[in-house]
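Dropping the structures in below, format is structure tokens.
One chain, chain A, appears in both complexes that follow, with chain B as partner in the first and chain C in the second.
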Partner chain A sequence: MAQFWLAFGFGLVTASVLAIAAVGLSLQFGITNYINFAYGDFMALGAYFTYALNSEFLHLNVWIALVGGSLCMGLLAVLFNHFLLGPFARRFNKTFYVLIVTFGLSLIILNAIYSIWGANVRAYNMKIEQVLHIGPFLLTRNQLIVMAISVVMMLLVHLMLKTTRLGKSMRAMSDNTTLAMTSGIDTRRITTITWFLSGTLAGLAGSVLGITEGNVTPAPGELFLFVIFAAVIVGGVGSIYGAMAGAVLIGLATEISAAFFNASYKLDVAFVILILTLLFRPNGLFARPGRA
Partner chain B sequence: MPAFWYYVFTLIFFLFDYFILAMGLNIQYGETGILNFAYIGFVAIGSYVTGAVSLPSSAGTGQQYILGLSLPFPINLIIGGLAASALALFVALITLRRLRTDYLAMVLISLSLVLWDLINNYVRLFNGADGLYNVPEPMASVFKLTTNSFVPFFAGVTAAVALILWFLMSRITRSPLGRTFRAIRDDADVAAALGKGVFRYQLTSMLIGAFYAGIGGGLIIQFGGSFNTSAWLPGETFVIFAVIIVGGVGNNLGLLVGALLVETLLIHLPAFLPDIPGHPELIQYIDAMLIGILLMVMLWFRPQGMIPERVRRSPLLSTFSKSDGQQVVVPTSPSSVMTATDSAALRNVDEKDES
Partner chain C sequence: MTTRDEMNSPVDQVNEPILRCQDITKSFLGVNAVNGATFDVPKGKITALIGPNGAGKTTVVNIISGAMKCDSGTVHMGSTDVTNWERYKIARLGLMRTFQLSRELGGLTVLENLLVAPKVQAGESLFNIFFRPRLLKREERQNIERATEILRTYGLYELRDSLARELSGGQKKLLEISRGVMASPSLFLLDEPMAGVNPALIERIGGYILDMKRQGMTVLMIEHNLNVVEKICDNVIVLAEGRTLATGRLSELRANPEVVQAYLGEIINAGPHN
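Right after this comes the complex of A and B.
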């Protein structure tokens, strides 16, 4: 049982990272209505920006570098949308084209990371932490901070969606872009802001992943992307709250299974959950009607 | 044999192999509109299974793998193709009916990542991260081939296989089956409204495409003698997409041109370029970025590819339009052309030649 609670603690950490990532992906999907296959690489790039600020240029404290790295990624996401994805999405009616472009963008970013930082594993410059015993859990202070960041981000996203004018416009666009446009919402502006938020959350997720794992690699672009997809699909594509719930479910399931089976099959557990969801609730556990 | 000719025949092998792979992805994506981002996974399954059935039993080889049947050349290849199709059947039954394009693409890319992870970790299946090696050179003992003469010989075999598969594929794309595929690609709802079982056709297309993927993968492992997880990272799928999009979606000849351009210029050109001192792998990374940029430029300026899809006009279209009293609007973009001709052709012809 002790082992279960230990794994539960690690699961909460994974779920925290996953929730930030999944909400960022869902926000952007809800507005632009196509999946960003480069999202995992956005995460990796954000993590490397944080690394650059932390260990290469300004030698900032990792938590300050993380804010800077995330915002850089947000700005870069706006540029990607403005010069690449936006034009493709407007020009071609079929989502095929823009999906392939995001797939290509993923390849370009991944190789750009390899060109600049090389294939070696990097680590953030931060203090090595004592492990704290909190009830049945064994966590480092950094992991606790990451969980706190995640909870705060979820609350902020919730408040933004429900109480601000921006959030209201975003929800309107997510429901029906044309109707939102005719109601006087500046859809281009909302799209730009959404990309900024999505990119920032991706960068944040990548950086906190690097902090919790203890190393920075381009791997989120490949394997972690799939775990995000699993969380998003299990929660119901396009639903922000579904994405949060899916992240908790997938995060807990992968870590708890790792404690009892071979840890190398973590991803396969997520995939099995994904397939079961597709078989029995194809629209996700918290689907909104009329989607998927 | 001089190293130069050795290299040329290697290029010829990969040209035709990529042609086969591109044909398989083209029938899924180019003809039927299934965005299969897991394509390289099917290639890998074909490759592993072909290797595993041609190797002798695994005891004493220092490798761990299933099967080990020592099967001779054409049979092992066909089993590899069928194995890839079997995987496609499993995937398609779960996903195709339930998901629209982009969710399907998400699930498929997840599939390829998980398959990669599984084969990497579950060593008993296909020897884990080391992959299969020492796969016997096909027919080498029959024709008394040496390592040197094997390369040109097998490049020729691959070209022959590619031509046979090309012939079969052109039969499929010209048949009512191919026409239905294209109608589904252009508008699945219209095709369904005209009485086509969209799911059944998409499934057929997945199976045919996966078979081609398996054959292409099987040829790779037989040519090189080894195959491991470093050879099929998800980015490889993108290279095959690049071949299709550069060459021309929905055009088999265009695929050969695309394979020539992408494969030869962008993948083998770096071998001739000098390394940047101190950064031995930089060329390779820049090259991968160039493939991505080339594809985006192509998509923007010439989305129909180097050799565009042929406008297929049914001879019945003119009579149909006349009798209807409507003017035939000559459309300009390939996709609207296909909608006009294929829907018309479907209405007119299919009852006759499909029943």
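Right after this comes the complex of A and C.
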């Protein structure tokens, strides 16, 4: 039983990272209606920006560097949308073409990371943490901070969506873009802001992943992306709250399974849940008709 | 409902146009849907746009509201040339519209459907969200108060927390109209507001449209129900084959042989309910 609770604790940490990433992806999908296959590379790039601010240039505290790194990724996401993805999306009605462009963007970012930072594993400049016993869990202070950041981000996203005009405009656009425009919503501006938020959340997720894993690699682009997809699809594509719930489910399931089976099957567990969801509830476990 | 004539004073009879359409043309695959439509919509009045099926009424409304680009011609709102503007810009200038088949933001609650309507809000800015929360709170409170008042007027208050997609057809129609009213438009385009609506609701919607006029809004409505047009509209524009056939009071148009031949004849022949 002790092993279960330990795994549960790790599961909460993974779910925290996953929730930030899944909400960012879901926000962007809800507005643009196409999947960004470069999202994992946004995470990796955000983590490297944080690394640069923490270990290469300004030597900032990792938590401050994380804010800077995430915001840089947010701004870069806006530029990617403005100069690359947006024009393609406007020009071609079929989202298939834009998907191919996001694949291309993924490769460009990945190779840019390799050429700037190399293929070696990097580590943030931060203290080695002692493990704390909290009830049945064994967690580090950094892991607790990551969980707190995730909870705060989810609350902020919830408050933004529910109580501000910006959030309601995003939900309106996600629901019916034409009607949103007819109601006076500047959909281009909302799209730009959404890309900024999505990029920032991707950068944040990549950075906190680096903190919890203890190292920074370009791997999120290749591996973590598919776990994020699983969380988003299990929760219900385009539903922000579904993405949060899907992240918790996938995060817990993968870590708890690792405690009882071989840990290298973690990804497979995520995919089994994904396949079962698609078989029995193709709209996702928490989706209502419509989106977000 | 009060009728149009009880509300008009003699001074109101001549009025400046809030909307001016000149020589609008639009063709689809070589077929002319609109072929030089030219008309004015007087400010503060209720104007009906009538005509046989295929006359180009909805296409004209789509062009005015920015949902469609015209091939030639101009659309002016007041002194501003809004020809082929993006629809959100036209909406922000004060033009709201409804659709033949009512449309709603289904995933938002009834109240939220109204809260997205006001034209420019401080809550649209990320900066304000983080650095001016008090301003946002005040704005949100004011918007909720106004939306609540409108929902009470339109009989939707009890449904304020329901998702819009769960409403009945008539309720969706009312929601669409109340969302437009929430934006306090200077010009409100209604595309067949009485279509598919039961007689009791027709009476109510007619009353709401007259209320809009009392509040200073201008209404341009596509309508086939001539009883309603007769009762509430100050002015009528007749379109046929994409052209403006005639304008005036419905009583005057009934005496116009061209109008009778192109449209009113078939309506009169169709029976007393039209």
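Simple rule for what comes next: the second predicted complex is superposed on the first by the 289 of 292 C-alpha atoms of A that agree within 3 Å, B and C clash if a C-alpha of one lies under 4 Å from a C-alpha of the other, contacts with A are read in each partner's own complex, and residues count from 1 in each chain.
Assume contacts are C-beta pairs under 8 Å (C-beta built on N, C-alpha and C of every residue); 3 or more make two chains touch, one makes a residue touch a chain.
Note that the structure is predicted; figures quoted are calculated from it, not measured.
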Clash or fit (per the criteria above) of chain B with chain C on chain A: fit
Touching A:Leu204 in the superposition: chain B (first), chain C (second), both, neither? neither
Touching partner for A:Ile193 - first (chain B), second (chain C), both, neither: second
First (chain B), second (chain C), both or neither: which does A:Leu18 touch? neither
Going by the contact rule set out at the top, does A:Leu278 touch chain B (first), chain C (second), both, or neither? first
First (chain B), second (chain C), both or neither touched by A:Asn111: first
So in the superposed three-chain picture, is A:Ala253 touching just chain B, just chain C, both, or none of them (first/second/both/neither)? neither
Report the partner of chain A that touches more of its residues: chain B or chain C. B
Mind working out whether A:Leu99 is in touch with chain B, chain C, both or neither, as first, second, both or neither? first
With both complexes overlaid on chain A, does A:Arg165 touch chain B (first), chain C (second), both or neither? second
Return first, second, both or neither, reflecting whether A:Ile185 touches chain B, chain C, both chains, or no partner chain. second
Quick one: minimum Cα-Cα distance, chain B versus chain C, in the superposed arrangement, integer Å. 9
Name the residues of chain A shared by its contacts with chain B and its contacts with chain C. 292
Chain A contacts chain C in the complex at 160, 163-166, 168-169, 171-172, 174-176, 178-187, 189, 193, 196, 288-292
Give every residue of chain A touching chain B within the complex, in rising order. 34-35, 37, 84, 87-88, 91-92, 94-97, 99-101, 103-105, 107-108, 110-112, 114-115, 119, 222-223, 225-226, 229-230, 232-233, 237, 262, 264-265, 267-268, 271, 274-275, 278-279, 282, 292
Considering the complex alone, what residue numbers of chain C touch chain A? 65, 67, 86-88, 91-92, 96-97, 103-108, 112, 115-119, 121-126, 129, 136, 139-140, 163, 165, 179, 183
Chain B - residues contacting chain A, complex: 29, 33, 35, 37, 94-95, 98-103, 105-107, 109-111, 113-114, 117-118, 121, 233-235, 238, 241, 245, 281-282, 285-286, 288-289, 291-293, 295-296, 299-300, 303, 335
